[in-house]
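Shared chain: chain A. Partners: chain B in the first complex, chain C in the second.
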Partner chain A sequence: MTGSQAPGLRAGTYLRLLGIFYRNSLLNEMEYRLKFWANVGLSLFWLVWAALSVRVYFRFTGTIAGWAYHEVLVVMGLFFTVNGIHQALITPNLARMTEYVQKGTLDYLLTKPVDSQFLVSLRHIGVHNWADPLLGLGLVGYGLARGGTAPDAGAVGLFAVLLAAATVLLYGVSLLLQTLTIWSVSSRGMDDVIEGLLETGRFPVSFYGGAVQGLLTAVVPVAFMTTFPAEALLGRAGWPVAVLAVTVSATIFLAASVFWRFALRSYTGAGS
Partner chain B sequence: MSFRIDAGEIVGFLGPNGAGKTTTLKCLAGLLHPTAGRARVLGFTPHERERAFLRQFTLVMGQRNQLLWDLPAMETFLVNQAIYGVPEPQFRAALDELVALLELEPLLDKQVRQLSLGERMRCELAASLLHQPRVLFLDEPTLGLDVTAQATIRDFVRTYSARQGATVLLTSHYMADVTALASRILVIDGGTMRYDGDLRALVERHAPYRLLRLTLDCQVQPADMAAVGDLESADGLAVTLRVPRAATKERAALALSSLPVADVAIEDPSVEDIIRQVFTQR
Partner chain C sequence: MTTRAVPRVYPALLRAAWGSAVAYRGQVVLWLLTSLFPLIMMAVWLSVVEEAGTAGGFDGPDFVSYYVAAAVTNHFTVAWVSWQWDEDIRTGGLSVKLLKPLDPFHHHAIEQLGKKLLIGAVLLPAVAAAAAVVSSIRYPVGPGTAAVAAVAVVAGFGLNLVMASAFSMLSFWSTQVHNLYQLWWGVGFFLSGWVAPLELFPPTLRRVAVLLPFRSSLGFPVEIVTGRLDGRAIAAGFAVTGAWSAGFLFVYRVLWRRGLRRYEAVGA
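Right after this comes the complex of A and B.
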């Protein structure tokens, strides 16, 4: 960091910028208010449909791989929550990478005296997706209520840490992949790949078993996004999982930041 | 290629497509690392992109948009105020001046997508100048604009630079932009400097002739005009002759006395032609 301002002042600048950015996004969305309600309706439909379709299997069995129906609902609720966070926070920013590189507007971002990673990551917010994480958490609550067990404060704290780590992790993976756009120029479809991988988080990883379970924990860390936070709420996970999750997400975050900076050095801009 | 630009100069970059004009600007703006050689701007090494450097210049690219598309331009101005950390009184003063110079008042509340290209470019310029940069990199700022809008932008850049003492580096396909604004021009091609100096000297060096445009009363044989000058073009009774710059007056007098002239005009060759010559004389 260079510049004469104190670190405190800089943090203030970034917070003020966030305020302005999100006001912009809100004003933008006001233009398309119907979209918000259409999205809420659609999300609600998919939520109910997902819950009902899994119900079918539980007509024939009490548990699958050790998970009861209400516990699967908690995982599924978390899938909708994390997916919603992805749609509301990450996609509106990182999915623009192709546009930034193709239209050359990345040049404008890079000539601003503000951290470029901040600008590409938090410039926009998907206002009409705000309801998705809330609907997801609603399903989590419903699953817990159905099971008849309320998590204690420790479990909720653990859950909060794991959900935050999941968000950072998802962001880090997305930035790593979208940064490739700097070389490939177009990464249309990259966001669909991330969404597709996330889709496997609909179910507890133990459903998949064996090698796939290992893959979803260690290689594509989807387990950290839905299964582990759900286990925290259900009293199945302890602090070691949280320590692991924080370590993994912090590592990926740092790796993505380093990779972004490395990519910018080989960025040559669009056109002549 | 090597050059140095002093504070407050307006310098025009000329050259064919792909000559390296934009690349040079990008190097100076810190977007590209020079593969060889060194660039210094305001005492900074551009590609290190120090904040103190980024605060002091602006980059405007005619074909690229930084305004928020669905919102009024004012929203982008506020974003840039926050990005550059411009204090409110300074921001208001800069904004008022830009609004007056660029006649933005009626545009401020309109969504950017509803603006014409010329209106949008005026807003782009304002957005880029609110932090009162000392150096302006303008890459094709008038691209695609109609003649009136081009003239507006041109007048603005001249006035603004004079008022703020800002240094301007400008590239343009439109010769008129460069001739109207730049006191000094750099002609580059294939990454090498073909000319660096003032425009008048370039004209004298590469075009030591002027054009005598004659309208004749009746057809004249080319041989009869040879004493006046070299035939440049002929279209019916309209004839254009090249005459040595130093002997313009004598040759014009000769034309009037020896040829059936109805009308005469003396012109300088267009800068386009001269530049074309610079590029063909390798």
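Right after this comes the complex of A and C.
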């Protein structure tokens, strides 16, 4: 089954569609107002709790692998940001993939005059943890203020590039896993794996040392998601890192898109 | 079914639970992978020790032994029954379970046991092999103390089961129980000995933590097997575990009876 290409639709159309999808999700969620605000409270609680727990480590030493407490807070803030993006953009779509394949909804999605990758990977948004990225950035700000150093414009620019690359990278990796569902039929457990790996981004990769640090940089690119953007803000990273990050995320993104199209060719549909 | 008949059906149900766990072994592999999480904490402590030499009397091998034992203990004590209770009560799946002659509690308990047996069959030999190869994994206790630690693990599992069940009973009245339990569990995550061995806490916090129910299912068995507790401390730990278990069991049974009356009223 092919038909994933949808000629004639421009980027503007896709943006308009996204606007409609997301407004819908938001309206849905706003029906449960109390729950909505309770979730914000919960997020805030987790953030403060996590920041306080790290203090236990610093009872015994001033720096861990060259990172002071306030610097670790910056990394942790970025972990909340990236994790929040994951839960808002990735999880809702990945969770539906099993149903798409098992019930044959995918057949129906493929007939729509919109790119299929766009539909399966961006159609839904979770408003549930919407505050996480904002609260995370708040913690980043707090960490920087605590350290008493304001990043200059160059550092902020570098940080923005790295954070954007991190988002694209996260999307690419998730799409790769989501695509596997076409063969494995169930996406259960896959999101747990992504979440477990992301969880390692709570701390700077150098905390893990040796082989694990290498693994988290080169194989599972968690370092690109929290450690490197934090280093940019702390003035420890240069443009070479940004170039590397953009290259890596662009490569993964393209690979995932190609893989999705390849998978569709072997997808026979639920009905036939 | 009378209480005396319950032990007789356990073996048969356990065989079924084992079969189901084996059938979905792919999921068990994933479960095993995600539970390597304590080793993250271990890695952080090893970095701390690298810089500070020792932390509160713990050196590198101490942390390795502590967290390996913690990973194993957690496997056996964790009881993910709250979401199942929650789903059963919300969607009405409970009605089917109520038709069976055995209290639903036992169904949940057995399903957990089946998974634990399967994971234990993989995990324990793996840890034994690792301990034989890696010299820093060391447990300086005799077989007697090790047996006490095993009893503590079972007691911790029991406490987790009744604690999760007691919370789940609130599902009869609210749909937000899962969030509440997660919050409770998140607090416990820090105070159970996950983030740090309780010995490394500030003294005041430590005194509070040993009185709370969280340590029973993680820090307590691990502290026994790493030889850090004397007889009196062990007895005190069991007393805390027993008291909380009795308390949660009582709350669970009371709420269960009240909730059931309410549930039937809704269904009819």
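Keep this in mind: the second predicted complex is superposed on the first by the 261 of 272 C-alpha atoms of A that agree within 3 Å, B and C clash if a C-alpha of one lies under 4 Å from a C-alpha of the other, contacts with A are read in each partner's own complex, and residues count from 1 in each chain.
Note that in this section a contact is a pair of C-beta atoms (placed from the backbone, for glycine too) under 8 Å apart; a residue touches a chain by one contact, two chains touch by 3 or more.
Note that the structure is predicted; figures quoted are calculated from it, not measured.
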Partner chain(s) touched by A:13 [first = chain B, second = chain C, both, neither]: first
Touched partner set for A:27, first chain B, second chain C, both or neither: first
Chain B versus chain C as contact partner of A:65, first or second or both or neither: second
Which superposed partner A:114 touches (first chain B, second chain C, both, neither): first
First, second, both or neither for A:265, with chain B first and chain C second: first
Chain B versus chain C as contact partner of A:200, first or second or both or neither: second
Which superposed partner A:105 touches (first chain B, second chain C, both, neither): first
Complex contacts: residues of chain A adjacent to chain B: 1-5, 13, 16-17, 20-21, 24, 27-28, 31, 103-105, 107-108, 110-114, 265, 267-269, 271-272
Of all residues in chain B, those that touch chain A in their complex: 17-18, 20, 22-23, 26, 29-33, 49-52, 54-55, 57-59, 61, 63-66, 68, 70-71, 75, 78-79, 82-85
Chain C contact footprint on chain A (complex, rising order): 35, 38-39, 42, 45-46, 49, 53, 56-57, 59-61, 63-65, 188-189, 192-193, 195-196, 199-200, 202-203, 206-209, 212
Touch list for chain C against partner chain A, complex: 26-27, 30, 33-34, 36-37, 40, 43-48, 50-52, 55-56, 176, 179, 182-183, 186-187, 190, 195-196, 200-202
